[in-house]
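Listed after this line are the structures, all set down as structure tokens.
One chain, chain A, links the two complexes that follow: it is found with chain B in the first and with chain C in the second.
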Partner chain A sequence: MSEKYRRFLIVVISFLLALVVGGLLMLFYKVSPIDGYKIMILGALGNKYMIYSTFARMVPIILTGLAVAISFHAGIWNIGAQGQLYLAAFVVAAMGVSFHGVPTAMYLLLGVAVGIAVGGLWAWLPGYLRVKYNVNEVVLTIMLNSIAIYFTTYMTNGPFRTSQGSLGATNVIDKGMWFRHINPLSNLNTGVFVAIVAVALIVYLMLFAKRGYEWKMMRLNPRFSIYGGVSFKRNMILAMVISGMLAGLAGTLLVMGDYHRFLNGISPGYSWTGMILAMMVNYDPIGVIITSFMYAVMISGGLKMELILGIPQELVQIIFVLAVMFVTAGYSLSNKLSNRMQEEG
Partner chain B sequence: MYIYRSTINTLVLILLPALGGMWTLQTGMLNISQEGSMLVAAFFAVLGSYIFSSFWMGLLFAIIASLVFNLIYAFFCVNLRANIWVIGMALNILASSLTILLLKSIFGVKGSFTSDKIQQIPFVHLGNLGIFNGIFNDFSSIVWLTLIIVILFKYIDSHTTFGFHLKAAGKNWRALDTAGVSSLKVRYMSILINAVLVGISGAYLSIGYLKIFNKDMSAGRGWIAVAAVIFGNGNFTWTIIATVAFGFMDALGISLQTYGLNSNLTLMFPYLAIVAALIYQGVKSSKKKAIEEKQ
Partner chain C sequence: MSEIIRFNGVSKKFGKVVAVNSVDLSIENGEIHSIIGENGAGKTTLMRLLYGMYKPNSGKIFVRGKEVNFSSPKDAIDNEIGMVHQNFMLIDDFTVYENVVLGSEPHHLIYFDREKAKRKVEKLAKAYNIEIDVNDFIDSLSVGFQQKVEILKLLYRNAEILIFDEPTAVLTYQESKALFDTIRKFKAAGKTVIFISHKLKEVKEISDRVSVMRNGKLLDTLKNENLSEVELSKMIAGREIKNLTTVSLKKGETILEIDNLTAMGDKGIPAVKGLSLNVSRGEVLGIAGVVGNGQSELEEAIAGMRKITSGQIKFKGIDITKMSVRKRRELGMGYIPEDRIRTGLAPLASILENIIMGHQNEKEFSARLDFMRRRRAKRFANRLVNEYKIVCKSIDEQVGTLSGGNMQKVVIAREFAHDVDLLVVSQPTRGVDVGGIEFIHKGILAMKKSGKAVLLISSDLDEILQLSDRIIVMYEGQIVHSTSAKNADVQKIGLAMLGMRS
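Here is the complex of A and B:
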């Protein structure tokens, strides 16, 4: 059985198993699992607007998932997607509240460019330090996460505090910078097209481009790739910067598209979810797309389940986490099994 | 004096998981699910204390919950050798969702729960100490317990065979196994000890100086402990120094709020300091290397 096929099978079985456990948990709420899951699917994909909402939910997950996938794919650990997302989102929002009267098309372009640049820069720093001075990038990115989050929280409570009521947010950004909502009932906005382009570029880069192959070799067999003439240092920094750019784009789209302002809790763990997704599918970009779609369906449907059946929406999050853990356990077990078979054979 | 007292109060929260995490790091496992364990423990402390109107039961519930949580972590990361980041983050997300789910299902509330039936962990009043009143009096008993634990840790860490086994399990577990000590057991021990400490810290969070459970109330404290552990890199003194620095900044920030300043600014400093220290370390060691290579 090929490695890829086996992994796919493990993911499918694990998700089914988690759904079974989730179904049993639903019995505690006196809801039949079949009804529960029916409502979940209908709530996520039942009509056009629900599908829109599900896709809107998918955008930040898929971008941060790919961000993590691309850096880990190249053997450098970017744990800092959360910080890159926050800082980029904040800077874009700060720009949006400070400057007015820029022509719309230019402002949109500028906003996206600045967001991507900030995310990339915040990732470049640990990447550069890792390559140049061998500073542990895992530790650095964790610290940079906290710095970015505390900094943005400080700004939204201090200099950029909103004058429009609710606390912990900036003012609404200039209208010229808005990605318009496609429909007032959902968060989906024209920014999704930017995300689609980014995803397509990354899939091409990781699966079909020479650079992607070099990265994979760096992770799987560093000596071979050095022998083959791969510039390790440059590739690592590049992977890190692209990773940061994606995380930055996720934050930018949240500001320019979803909320039209920066909020303190703008990413309730999107990047962490993205990270475990990416690791679960072993940094395969197509896998990230599929699993983040599944995640978005579950979360959107979970809201509906709470509204109609009274099951707390957190239940679907728990089902999802269980699925992730089952997948991980499945990989370990299958590795152990195949090692044993090799030893015996 | 106010800053001193609130430093001590926040310090306890971070110190317990930092010490526990230091030992698991020594055995080669960075435990990043501290935030989640703390949150789960805090919830069960409230639950136990509420059902039995006894803080002892609250503590017990918290410790048991934290043990269960950490055993899951141990099973996945030690036995199955799963990736600590996947499992750790999954557990953190699980903790946040699970506690909100239980809040809704058991107490029927959305964000926070409090009740007169919850009994608080008692404070220690030492009688009238004159000028030392402010320094020693009326701290939670957990504060004194933590002091004892710190001293105990220092002793065990550097003067007992168990302390050496911990380091051996991290540096060379095969050698430890060959010497007849199961590295698996040592790892499990460190994780369980950590679980108990985090359990106490979680209980202190919810029924220590308040009697309330809020959703996501650990608010990054677990992560601060992880940061201190990473900075300390398994060394007792450095872990303590990092923890005290974080605790002080946290308290300073909160008291600066009364002057209209924002606590988030001061909370940034310890992290900036760590980044600066890491860069300094890296630059120094790579320069050294360059000189050696020239010679």
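Here is the complex of A and C:
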């Protein structure tokens, strides 16, 4: 059995197992698991609008998931997706509340470009310091997270504080910068097309391009990659920058498509979810796509379950955490088993 | 003599690969027993079965007449069996004696009795002529000394049966000599030694009896005194292995010119000191010398993996002193590094991924938009695996699970497959079986014949003498002797390697 296939199987089985446990928990609420999951699936994929909403939920997770995946894949540990997301989102929003009258098409393009650039730049810094001065990028990116988050919080309480009531947010951005909703009944907006393009590019880069191969070798043995002629430092910074760009794009789309303003709570841990997903599938981009989809279905459906059946949404979180635990346990178990199997032939 | 170990129809499979195939072998108490055989023949696996690292699929193992069923090396150690692996397992920032006693420290009440530990370790070392300062830290020791620590660890745990898996592959000539002295002491003390090596000279020198393995099977066990090196190599490979000879060709244009090169070692001490040399098309320049005299730093400097402090390197007339590794490769430089596992391979990556490295930028494998032609890469890898007889399940197998010699072949195959003008090759046959050595030597000579320049670095003087057109000797970062192969005087070279002038 190939390694990849085995991992895929483990992830699927773990999710199923977690769902079984989740089903047992539903019994506490006097709900039959079958009904519960029916509502969950229907709530997430029952009709066009629900499918749209599920996709909308998937966008930030898949982008942050790939952001983490690409850097980890190359052996540089970007723990700073959250900060990159925040800073990009804020700068885009700041631009959107400050300038008016820019033609829509241009403004959309500009917004996305600026957001990506800010995210990339915020990741370039630790990447550069790592390569140039051998500063630990994990510590660095965690610090930069705090800086970005404190900075944006300060700005939304100070210079960019909204004049429209609620605290901890900027004003609504210029309408020329809005990605419009595809359908008034769901959150999905035209920003999803930008996300699709980005995802396609990353999949290509990681699975089909030479660069993806070189990144992987850098992670598996840096010295070997240098020996083989890989420009180690350049490639490392590049992985970091692309990672930051993706996180930045996630923030940008949240501002331009979902909230039309920057909020302090704009990312309720998307980047951490993304990181868990990426690690769960061993940085495989297709795996990230599949697991983000499953996650989005569970979250969307979980809302519906609460509404209709009175089961708290947290159940879905529990199921997710269980799945993560099972995957981790599954990997070590399967390694042991496969060693034994190999030995016993 | 009585029998101390007996394998009875022992087999071991890894998936479909039968690494050890119903082996019957008897080791006698107090003998030095060598095990030889091709790369991937199953020598290491057989020994790991005895050491409790694997369990046999079938068959029985007896120690001192009693059937044993080890589930871990700990059980083996409890039965006074110890094994020295090629990759040592020592703690770098512990001292020698701390490493030796680790896990079974002498106690005084509840305190670790350091003085007693030191005394015990020193006594052991003395008893077996092992020269070492027990207060040294591991990371300051050369490979040879680290091996001594491994041996002391076994002795400290009262090992009576000692297994050495290719112990001399990484040792200098002098270190090997010292190891042999120690092994003879073991024998004198009544201990049993099992010795694995590809160096038949050593096998001949040290063994009482020799067992030959091929394809997992034990072919035969013979008394050493009745054997010659030629016979041994014939038994290993199943055919006659001839020593190759080389003919000098007319020298072509100069390909590599090194002028007054100085480079630092890892610890910031100059390792290459003002070295100049040149290599031309159609010649093999051999660099002889004891390991650790700046050869590693020199090869890395040429390949572009080590910054140099001063001097100049010219390749095909172009100054490449500041050029990246990739540009050097694109210009036509191939490089087989000394340290295959750390530098030449990514053990966790697949054979395919390892074989394509360095070729990934070639037109054959890369298209526009950074696209990688994976299907072609697969075909290429499969071709090399067949051509070089790399024993593996498929090209998707991790390189790290191959036998030692087969890992080497992956590197050799990859670098030979380049169309290069210069091949820098370091210790090419370390750990390779006799058949493999012949193959690699043929490859090097074929390169020379086709008009390429070869810079051969080897601590194996026979190899240097056999393949080179010119020979230089490196000692403490400098060239201390230089001669044409025709006029080479082995005596002089040997002395020069030790830094003595004749």
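The working rule: the second predicted complex is superposed on the first by the 336 of 345 C-alpha atoms of A that agree within 3 Å, B and C clash if a C-alpha of one lies under 4 Å from a C-alpha of the other, contacts with A are read in each partner's own complex, and residues count from 1 in each chain.
We take it that contacts are C-beta pairs under 8 Å (C-beta built on N, C-alpha and C of every residue); 3 or more make two chains touch, one makes a residue touch a chain.
Values in this document were obtained by computation on a predicted structure and should not be read as measured data.
Asker: Who does A:221 touch here: chain B (first), chain C (second), both, or neither?
Answerer: After superposition on chain A, A:221 lies in contact with chain C alone.
Asker: Given the superposition on chain A, which partner contacts more residues in chain A: chain B or chain C?
Answerer: B
Asker: Kindly classify A:211 by the partners it touches after superposition: chain B alone (first), chain C alone (second), both, or neither?
Answerer: second
Asker: Using the superposition on chain A described above, determine whether A:280 touches chain B (first), chain C (second), both, or neither.
Answerer: first
Asker: First (chain B), second (chain C), both or neither: which does A:329 touch?
Answerer: First partner only.
Asker: Given the touch rule stated above, what does A:154 touch, chain B (first), chain C (second), both, or neither?
Answerer: first
Asker: For A:315 in the superposed arrangement: first (chain B), second (chain C), both or neither?
Answerer: first
Asker: Have a look at where A:259 lands relative to chain B and chain C in the superposition and call it first, second, both or neither.
Answerer: A:259: touches no partner chain.
Asker: Could you say whether A:293 touches chain B, chain C, both of them, or neither, answering first, second, both or neither?
Answerer: neither
Asker: Looking at A:230, would you say it contacts chain B, chain C, both, or neither? Reply first, second, both or neither.
Answerer: The answer is second: A:230 touches chain C but not chain B.
Asker: Within their complex, state which residues of chain C touch chain A.
Answerer: 12-16, 18, 54-55, 57, 303, 305, 324-326, 328-330, 335, 337, 342-349, 353, 356-358, 360-361, 365-366, 369-372, 374, 396
Asker: For the complex, give me every residue of chain B touching chain A.
Answerer: 76, 80-83, 85-87, 89-94, 96-98, 100-101, 104-105, 220, 223, 226-227, 230, 262, 264-265, 267-268, 271-272, 274-275, 278-279, 281-283, 285-286
Asker: Spell out the residues on chain A that touch chain B in their complex, using ranges where they run on.
Answerer: Those in contact with chain B are residues 28-29, 79, 129, 132-136, 139-140, 142-144, 146-147, 150-151, 153-154, 157-158, 269, 272-273, 275-276, 279-280, 312, 314-315, 317-318, 321, 324-325, 328-329, 331-333.
Asker: Using the touch rule from the top, collect the residues of chain A that touch chain C in their complex.
Answerer: 2, 205, 208-214, 216-217, 220-221, 223-231, 341-345
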